[in-house]
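Step one of this worksheet: look at the structure below.
In this document, chain identifiers A, B, C and D correspond to the written order of the chains, with residue numbering beginning at 1 in each.
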Amino acid sequence: MSEKLKKTFIVTRFDPDKDEVPKTQTYEIEVEPDWKILDALNHIKDTVDPTLSHRWSCRMAVCGSCGMTVNGEPKLTCKDPLSSYGDTIEISPLANFPIVRDLVVELEGFMEKFQEVKPWIMVAKERAVEEGTTRQSPEELADFKGFSMCINCMLCYSACPVVSNEPEFLGPAALALGHRYNQDTRDEGSHVRNAVFRDEGAIFSCSFANECSEVCPKNVNPSGAIQQAKLANVIDWATSFVVKRGEDVS
Amino acid sequence: MSELRPRVDAMKPRAPMPTRTADPRPPDKFPSRGRYPSYLAFGACGAFLLLSAQLLIRGVWALGDGEAAWDAYIVSFGHPVYLAYHVAAFIGLTWFALRLFRLFPATQPNRMGPMKRPADAVLVAGLYGVFFTVLAVGTLFLGGALL
Amino acid sequence: MVDVSRHDVVIVGGGGAGLRAAIAASELNPEISIALVSKVYPMRSHTVSAEGGAAAIARDDDSLEMHGYDTVKGSDFLGDQDVIQYFVEQAPKELTRLEHWGCPWSRNEDGSVATRAFGGMSTKRTWYATDKVGFHMLHTLFQTSMKFGNVDRYDEHFVTKLLVDGGVCRGVAALDIRTGEMKAILGKAVILTTGGGGKVWPFTTNGNIKTGDGMSLAYREGVPLKDMEFVQYHPTGLPGTGILITEATRGEGGYLLNNEGERFLVTRDYGVGNKAELGPRDMISRAITQEIAAGRGVEIPGKPGRYAHLDLRHIGEEKIMARLPFVRELSKAYANVDPVHEPIPIRPVLHYMMGGVDTDIEARTSLDGLYAAGEVACVSLNGANRLGSNSLTECLVFGARAGEHATEYIKGASVGEEGPFVQQAEAEAARIDAFRGRQRGGEKIAKVREDMNTAMEDGTGVYREQASMAKAVKDIAELRQRFEQVSLDDSSKIFNTELIAGLELGNMLDVAEAVTWAAVQRKESRGAHACSDYPTRNDTEYLHHSLVYHSPEGPRFDKKEVTLGVWEPEERKY
Amino acid sequence: MKTLMLKLEPVIWLLFSGGMMIGGLLLPVFVLVVALGGGLGVVGGEALGYDRMLALVTHPIGSLVVLAAMALPVWGGAHHLRHLWIDFGGLGSDSLVGFLCYGTALASSIAAILAVVRLHA
C-alpha cells in the first residue's frame, strides 16, 4: 500500500433547520495519493461525519451530479484529482445557485430554463418507424455532436458572471442544448426555439465571458454555441419579416 | 464594490422552493480571481472603442470644416492628456483585438460553407496575421510611406 | 398526514426503461396522467454510464434468426425463446425510434447508422454513438420526455414501499428527499424500472445509486425474484475504481494480454474458439481469472491484486479518438494510462444482474397492477449470461411494452377504495421517521455495507464453491440482524443522504439474500454461474429458472419452466 | 426603453460584434498614426495633410472604410460598457444605462454618417 498523506478539508455546511447562513467545518483526514476530491468527501461521510450531504453517483464523470466549488473553481469532483491541490482544500457548493443543504444546490431553476429551450426534435409531421432511419452524414453529425455532450453538471452556470445577475438569462448549458437541436438536420423547430432565445435577456445577455467553456469538463463549448446561436438568431429574425412561417411544429 | 452578491433570484425556480435555502453565492472572489479580471478588462476596453471612434468622427467632421479645422484637430492631439489617452488606447485596443481573435475560433461553426473548420490554432494564427498585416500596412499607408 | 397525489400510471425510475415506458404510455394515450418517480434527476440514472452500444439488426448480412440464436446461445439456453424472438423483432424499431428522436448515432460515410462488433454477436449489429451510448440514449429519452405535458416528474423522490391491498398494487410511498416528507403517489398501475443492484458487491462498474431498490420493493410484497444467481462479471474494469472500459474496445480490435504479452484467448483454449476477444463475457472473465490464478497476471506498482492488459495501441490514435474517445479520457483520468501508448490494466468486475423481478413477456409481474422492465426485471431475455449491448435495447423494448400494456390495463382498473393505500403510506411514514430517529451509537451503515460487500465478493465471485456460497448465505442472514441495530447520526429531514444510504442498505441486503439463496441451489455451471464443485452444465436437472420468494420465516425457493421451442439446447462452444 | 432595447437586441448585437471586429482591426492604426503620430509630430505634415486626407476619405473605398471604423465600434463600445455595468450588479438601472450607452452610439453613428455625407455633398 502506498503511504498515507494528511490533508485538511474546509467544507461548507448548511442545515436550514439550524443555520441562518452557511458556515464551514474543517476535517483533517488521511488520503490515498490517487484519490479524487469525491473520494475524500465519501471517506469523510463514511468514517468521520455521516451528516455531510453531497450528491454523486457514477464516479466516472458522466452523470453530472458531483459539481462543487473546489478552491474557488467549479469542478467535477469525481474527476478532480487531490494531487493537484496543496494540503488545505476548500470545498463549497456551486456558486450562483440557492443552497439546499451543505454541498447540495437547488437545480429546479435550471430545469425550468432547460424546458424552455424545447430540447427535443420538433417536426411538423412525426416520421413513421417503417420509414427507417434518417440519413445524416458524419459531417452533419459533427455539426452538433459536441453540443450534445453536456452532462448538465452546472459548472458553467456556476462560473458565468451573467448568470449571477440576469434571472432571465437561459444560461450556457440550456442554450448550448437548444442550439444543438437547431443544428440537427432532423429538426424543424429552429424558428420556435429562436423566438424563445430572443425573449428578454434569454440569449443576448450573454456577454461572451467565455468562463462557461473554460470550466466545462466535457468540452461542450457553450460559449461558442451561444455566439453561433446569436448570429443564426439575427438572420432568423431578419428573414422573419420577409418570409411568413407556420409554427405548427411540435 | 465591497462584496458583489449575485441576485438572490438568479437561478431560483419560479415554482416555490419547498425548503428554506441559503442565498446563492457569487463566483468565488469575483471579480479579482482567475480569468475574471481579463474578461472585465476586455469589457472596459469598450470605452476605447467608443471614445476613439468618436475622435475619428470628430476628425472627419473637421475635414468637412476645412483645412484650418483639420490642422487644429491634429495639433490638439499634442496635448499631454490626449497623448496619455492614446498610448493607453493603443495598448488597450491591441490587447482587445488579440484577445478577441484568440477566442474567435470557438464561436465559429464546425463547417464554414463547404469547408471543414480549420484547426483552432490555424484560425488564431491567421487572424493574428491579419491583425498585424493591417497594422503594418495601414500604418505605412496612412503614414505616407506607401503609395 | 401524508400528501396524496393521484395519477393513472406510476413509473418508478427515470433511467432508460422508465423514460421509455413514460413516452410509450404518453404516446398511446395523451389523456392519462403519468407520474415518473426517481431518486435522482432522470439524467443522472445509471443508464448514463453505458458506453459500448445497443444491439439490433441493421445490416443486410444479418437476420432476426441470427440475433436470436446468438442471444439464446449467450444465455446458455436459459433465455425464454418467445421473449428473445419478440425482443429481436422489436429491437430495430426501437433504435429507429430513438434515431427519430434525435439520438446522435455514429454514422457511416453514406449517412446510414454505423454498427460495431460486440462479444458473442456473430456480426456487426451494435449501434453506437462513439463510446457514450447510454449517455446519449438517456439524454435523448429524457429530453424527448420533456415534450409530453402529461408526465409529472417526482425528481429526487425515493420510493420505499409499494402500496398493495387486496392483491393489487395501486401506487407507491415515496420519500421526498428534499423535504423528508412521505408522499402517497397513487395510480392504477405501477411500473418498476429501478435498475440493477451492482452496489451489493464491492468491485463494480455500477454507480452509487444502483442498490437494487426495485427488486427489494417487489420481493417484500411477495413477488418472486428470478435467476438471481446469475450476475455478470465484465472482463475489463479499471483497477481500484472498477470503472468500466467498454467491450467496444475489443469490438474495435483490442487484444487481451497476460504478463508475458501473450494473447491468451488465441493461444490457449478457453472455449471461445476463433471469436477470441469477442467471446461472451462469462467465458472471457473466467479466462482472465484463470490467467491470473496461474501466475500470469500483470502487477501494478502500488496496487494490490493482479490484472490483465487490454492493448489498444495497434488501433491507432485516429481511430481511438473517432470511436473510443471516452475510453481514452477514462483511462487517463482514472488509471493514469494513455491507451494510445500503453496497454490498460484491467480485471473482471461486477457489472450486471441477469436476474430480477420475475415478469412475463408483457412485463407483468405476478402482482396485479405491477409491471417491471429494464435491469430490475427478469423477463428472461438474458438467461444465464447477457450479451453485451442487448440490455440497453432491452430497456427500450420492454420499457415500451410495460408502458403500453399498463396503459391498456388501466382502462379496466380503478384505484378503488383509497383509504387502505393511504393508511399504508402513513404507516410507512412512521416507519421512516422511526428509522431516522434511531439512537446514535448502534451499527454504522458504512460498516455493515462493507461487510456485506466482502461476503458477496467471497461467496459469489467469477468462480463459486458450494462452501463459500453457503457461508455467504449465513453471513447475509447475520448482516440482516446487524442491520436492525443500525443507527443514524443525521436526524435532519432535509436532504438526509445518510437516511437514503440506510434505506438502500436494507434493500441491498434483500438482494444479497436472494442472490446467495439462488446460487447455493444451482448445483451446475451455466453461463455466469461457474460452480467449481459442479463444473458442467446439467440440463436434466437444472434447465429451469430459479425463483426466490420472501417470507417472514426466510426465503422460499421455487422453479419455473424455461420456454424453448425454436432452438434446441446444445453444448455452448464457440 | 427597456422593451425597445430588448426588441432590438438582435440588431444591437450584430452592430456590436461587427464593431468589435472592425474596431479591433482598424482603430489601432488610426490611434497609432493619426493620434499619436500626428500628436507627436512624428508623421510628416504631408502625409496627414488636409489634401491627402480629404482625398483618402472621399475616395469611395476610403469613405466606406472610415464609415465602418466610426459607426460600428461605437456600438461595440456601448454594448460592452452596458454589460460591464450589469456585471457589477447594475441590472436594476439597465434602462437608464442602456439608454445612455445606446443613445450615445446611435447619436455617434448618425454623426459619422453625416460627417461622411457632408464631404461628398
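General observations
One rule holds for everything that comes next: a contact is a pair of C-beta atoms (placed from the backbone, for glycine too) under 8 Å apart; a residue touches a chain by one contact, two chains touch by 3 or more.
For clarity, every value in this text was computed on a predicted model and none was experimentally measured.
Chain A has its Cα centroid nearest to the centroid of all protein Cα atoms in the structure. Two chain pairs, B-C and A-D, are compared here, and A-D has more C-beta pairs in contact (counted per touch definition above). Computed centre separation for the pair chain B/chain C is 54 angstrom, with centres defined by C-alpha atoms. With centres set at the average Cα position, the gap from chain A to chain D is 37 Å. Centre-to-centre separation between chain A and chain C, using Cα means, comes to 27 Å. Taking the mean of the C-alpha atoms as each chain's centre, chain B and chain D sit 12 Å apart. In chain D, the residues that touch at least two other chains are 80, 83, 87, 89, 91. Annotation for chain C: residues 178, 494 touch two or more other chains. Residue numbers of chain B whose C-beta contacts span two or more other chains: 4, 7, 19, 31, 43. Pairs of chains that satisfy the touch definition comprise A-B, A-C, A-D, B-C, B-D.
Residues of chain A touching chain B in their complex: 14, 16, 19, 21-22, 69, 72-73, 92-93, 95-100, 106, 108-112, 139, 142-143, 146, 157-161, 163-167, 171, 183, 207-211, 213-214, 221, 223-224, 227-228.
Chain C meets chain B in the complex at residues 176, 178-179, 494. Contacts from chain B toward chain D in the complex involve residues 1, 4-5, 7, 31, 40, 42-57, 59-61, 63-64, 66-67, 70-71, 74, 76-79, 82-83, 86-87, 89-90, 93-94, 96-97, 100-101, 130-131, 134-135, 138-139, 142-145. Those residues of chain D that touch chain B in the shared complex are 19-21, 23-41, 43-44, 46-48, 50, 52-54, 57, 66, 69-74, 76-81, 83-84, 87-89, 91, 104-105, 108, 111-112, 115-116, 118-119. Here chain B touches chain A in the complex through residues 4, 6-15, 17, 19-31, 33-36, 39, 43, 103, 106-111, 116, going by the rule given at the top.
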